[in-house]
Amino acid sequence: MSTMTSPADGAKPIDVAAATAKLLGATSGNMVTYLQSCVHCGQCAAACHFYQATKDPRHTPALKLRPMLKAHRAKSSPLAWIGLAPALTERDLRETEDLIFDTCTMCGRCTQVCPMGIDVASIVQISRQAYAAAGLGPSDLMAAADASRDKGSPLGLTPEKLEERIEWLADENEVDIPLDKAKADVLLTVSSIETMKYPSSIVAMAKLMNHAGVNWTFSSKGYESTNFGYLAGNTSVARVMIERIVAATAATGAKTVVIPECGHAFGVMRYAAANILGRPLPFEVRHITEYLADLKRQGRLRLKPMADAFTYHDPCQISRRGGATADARYLLDGFATDFREMSPTGNFNWCCGGGGGVQAMGRAADVRHKVFKIKMDQVEATGANTLISACSNCRLTMDESKAHYHWPHEIGSLVEILADHLDDTARPAAAAE
Amino acid sequence: MREDKTLAQALESRGVSRRAFLKYASYVATLMALPPSASRVIAEELAKARRQSVIWLSFQECTGCTESITRSMSPTLEDLIFDFISLDYHHTLQAVSGAAAEHARTEAMKANKGKYIVVVDGSVPLKDGGVYSTIAGITNLDMLKETAKDAFAVVSVGTCAAFGGIPHANPNPTGAVAISEIITDKPVVNIPGCPPIPEAMTGTLAYLLSFGKLPELDAKGRPLAFFGETIHDRCYRRPFYERGMFANSFDDEGARKGWCLYKVGCKGPIAYNACATLKWNGGASFPIQSGHGCLGCSEPGFWDKGGFYEPLAAATAKLDIGVGAAAVAGVAAGAAAAELMRRKKSAAVDAANSKKKDG
Amino acid sequence: MRSHDAADCCADAVTGLAEAVLSEIADLLDQFAASGAQSSIDLSGLPMTDADREKLAQRLGRGEVQATLDVAGQTDVWETQYAGVWWVRHFGGNGQVISEEIAITHVPAILLTHREDARAAAERLRKACEVLEATTAADQSSAERDSIHA
Amino acid sequence: MDLLDFARGPALQIGLYVFAFGVAFRLASLLLLPRLKDLSAARKGAPGAVVASGREIIRRMWPQSVYAEATRFTTINGYIFHLGLAIIVFLGTPHILFLKGLIGVSWPGLPTNIINGVAVITFLSLIAALVHRLQSPVLKAISTANDYITWLVTMLPVATGLLAISHLGWRYETLLAVHILSIAVFLIWFPFGKLMHAFLIFLSRGTTGAHLAHRGAQL
């Protein structure tokens, strides 16, 4: 069944049949509806940051439906019987590889503008599975997926390293960071980016949780919520990553799993996980901004006002595609006295350019930098010096580009500024428990 | 029978002046939409012409065409045409009958060989050897061929002769055909209509007499002068059409107010004829003026165009059982395709699973 | 009949064709005056409503000459108040207008006596004279006879 | 049988058969595929799939203000020819009579000169759509034969209709026949080309509406 072809240039062989089979396996009414609905109006280009940054028509999101449409047609259309629906070729896959991986963050802006309402992101997600099955995809993304499976985290954060880190952070910052607590209401997870690059974010989350008197813990059985299996199109790795968190939650008896500042981690765990496992999750999944907003609503979060001017970058998977846009504003309301919305903002905010694993693709760095110019313009228009996000992946993407351009603005994290302004003089909520 | 005297001389003796020719000529020029300057030429040519021998053959018809051309009781200018022609054979109008009548026909053919005009009303049945219509034991087909052989031109009068007409309507039991399907070796003018407008017949004959040739014809062999525009083009109710004011039935407000009859089946837009301008019965009225839509009787197959009261825009195609069947077949085929896809999907998933197990 | 109201309603419509015809007439009259070129306009061929025709007739008015001919039905001819512009209206046998034209000319052709007609007329007149002479001669001789007898 | 008889009869009949079969086939083969069942927990207060689908179908009739500028031409021009076509087809008296002949019900139409005006606007709008497609690098890149065939098949009835009402070119009955034939071609192409979006728009909008409303995402 598998027809492996080896190109003469010695590149690794591409298994077109495997890609087609993967697509067939993912066939659903939803997918086929999207594939067949595009009217080629081209409006999605205007919404895509990759097109906006490069003005290259190749980056029109509508084109990202093409390979899968072709494969599907070749397998389903009566036209195929009379030879009018050619099969997907190796060349098709090679030529479009970068469209499916490097230049799509699955941010969903194109879906917003699409008059047909086509969810291009979901087709890209299926396409990634097919391309990965064929042996395509950026090696660093694939490696990150493998590392997730083998070491527990894409950046090699093994359970041992996690324990070391937590110990060190707790000591360094004089904060209580529970790990593998036997019984907890809340299982907090990490994104390896935070652990490795922004450890202060872990400390901030711990401070906030402790401040509100939450019975929470990290777990060495399941801690990494960033799912590079999902982003790489490797469903089996995606499943392993989810199962680890499910097991860890079960072990502590937690009813709530809190996802840290990572957009795709939230999107996958909150919405994709149950569908990948094929069963509903036995616990609720909250993003840290949602969870903190819950605490604020319960009166358990007491903050000192913050006067610094700043603006907020909405992570796509949390705002536009996550439904938690309002919670970030709720947290800032009454706390940040000089909060400035950028334009467009909220559900319409531009993507950082690094979502969907693009951040992890070294070869996509150039285009990411180009995309970041959009963000720079947005921020500069607000007059604020500081750019805050609730996603460490966005933050890393933006930090890298900031360095590339020597952009003089500050880039920070929502949980960190909240933790920095905790009012610990009175802790009625904690006292009450 | 052709006479040696010119028409002018013949009429002169009856005290008819050249002014009458001039007046008749200006009438014909108007009818045929010729430039006013042509009327002097017509007048001169007519005056010089000799009486034209005409042999009138009636086949599968209802005599309505003859009624139409002879409808007038008092002699009028239009009737001058009968002074211009010598109707040598017309079995309804001529006094003699039987062998004498047929003799008159053959005599006229002999005497005016190559110069006489054959006027035909009625279609010719071809089925079963043409037995469905015979005259003096001769089938219409044979008589037409024989008579037309030495004619100068053939004029098909009425829709039956021009296009097969009502005898030709589905299922055409006699195998009726138009004259032009039989006479292919000489000019044939079609003056359709059920019946044709008398002026269209007399005008065409006058033109033939004056100019010795056929007037300009359209693709269906009809003189453009009478059949160049549709009823709709010249209909006095056209402004109502433009304004979207229609009668929805024959007894509603719109019908009483004389609004456009398009919706109740008027075929005016595709009927080429001069009824709206020449009108009928001495200019008294025409069907639309009398409150009925045009049937399009001057068009081929007018009997079989999906009902006189069906609007022109309505398709003769129907949302019939076949369309339902096509939809059902489509659903069935679609279901099969979906099922096929479902199986391909399961097979792909199973293959992936077994591969994983093997791996 | 109601349906005729509709016909009347539309026949009443003024389309502006009268003005167009008037300016055409003016052009043709210029040419006639300059070069003697005669011409005519066939009104029956124009899609004029009754109201249009009425308006045109009013504008042109009636001039010095009017004639009525009895030729296979009536024909009315009149010069309009613009010299050289003639209105010729032919009626059929049943009083219906069968043809109508504006002639820009010295005299409409239909008014002119055709030479052939004159020749025929002369012949007839000659015959009539002969008959008259014959009868006069006969009368004379009988009168003479009478006077002799008297 | 002349061309008009052929157009009004067999040609349209074949068009209707193919249309009915094709649309039924396309919809059945799509709707009978298994659909994804979202097993993730719905956001609190998220509407049900039916409400969410309906809401999305309606809301997406006009672009969000953020995209107003980028989508202005396509949106406005798109509306012009879509509404134009709808007005011509559903409010032009001959078309109402055509539909009445098929489905048995009728309704009042607009005066002919208004319909003619709308047809001219629609014609120009379709020309503008094609020019736009040929000039925009993005549209050039994503356009396929389907787009151009669909444009032609949509344009033909408008153009032939305009010719018919203005009696330009051939004789009226020939123009009318060609106009009706172009409808038959339209009906035949409909299920197999981009015109299917008339149906698919509800499915794809609805699918996304349900998918994202489940998450509480505001799109």
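To keep things simple, chains are lettered A, B, C and D as they appear, and every chain counts its residues starting from 1.
Following the convention adopted for this analysis, a residue touches a chain if its C-beta (ideal position, glycine included) is under 8 Å from a C-beta of that chain, and two chains touch if they have at least 3 such contacts.
Source: prediction; values computed, not measured.
The chain closest to the protein's centre is D, with centres computed as averages of CA atoms.
Using CA-based centroids throughout, the chain positioned farthest away from chain B is A.
Counting C-beta pairs in contact across A-B and across B-D shows that the higher total falls to B-D.
Centre-to-centre separation of chain A and chain B, using mean CA positions: 78 Å.
Averaging Cα coordinates per chain places chain A and chain C 99 Å apart. Computed from the mean C-alpha positions, the centre of chain C lies at a distance of 64 Å from the centre of chain D.
Remark: chain B and chain D have CA centroids separated by 41 Å (rounded to whole angstrom).
Within chain B, residues 337, 341-342, 345 each touch two or more of the remaining chains. Shown for chain A are the residues that touch two or more other chains, namely 27, 32, 76. Chain contact topology: the protein chains form a pattern that is neither a line, a ring, a star nor a complete graph.
Of all residues in chain C, only 2-7, 9-11, 13, 39-42, 44-45, 47, 69, 71-73, 75, 88, 90, 92-94, 96-99, 101, 103, 109-110, 114, 116-117, 120 touch chain B in the complex they form.
Looking at the complex, you find that chain A touches chain B at residues 1, 21-22, 24-27, 32, 75-76, 78, 236. Contact residues on chain A toward chain D in their complex (touch as defined above): 27-30, 32-34, 36-37, 39-43, 45-47, 51, 57-58, 60, 62-63, 76, 108, 111-113, 115-119, 122, 270-275, 277-281, 284-285, 320-325, 344, 347-348.
On the side of chain B, the complex with chain A involves touching residues 337, 340-342, 344-345, 347-349, 351-352, 356. Contact residues of chain B toward chain D in the complex are 230, 232-233, 241-246, 262-263, 269-270, 272, 300-301, 304-306, 310-320, 322-324, 326-335, 337-339, 341-342, 345.
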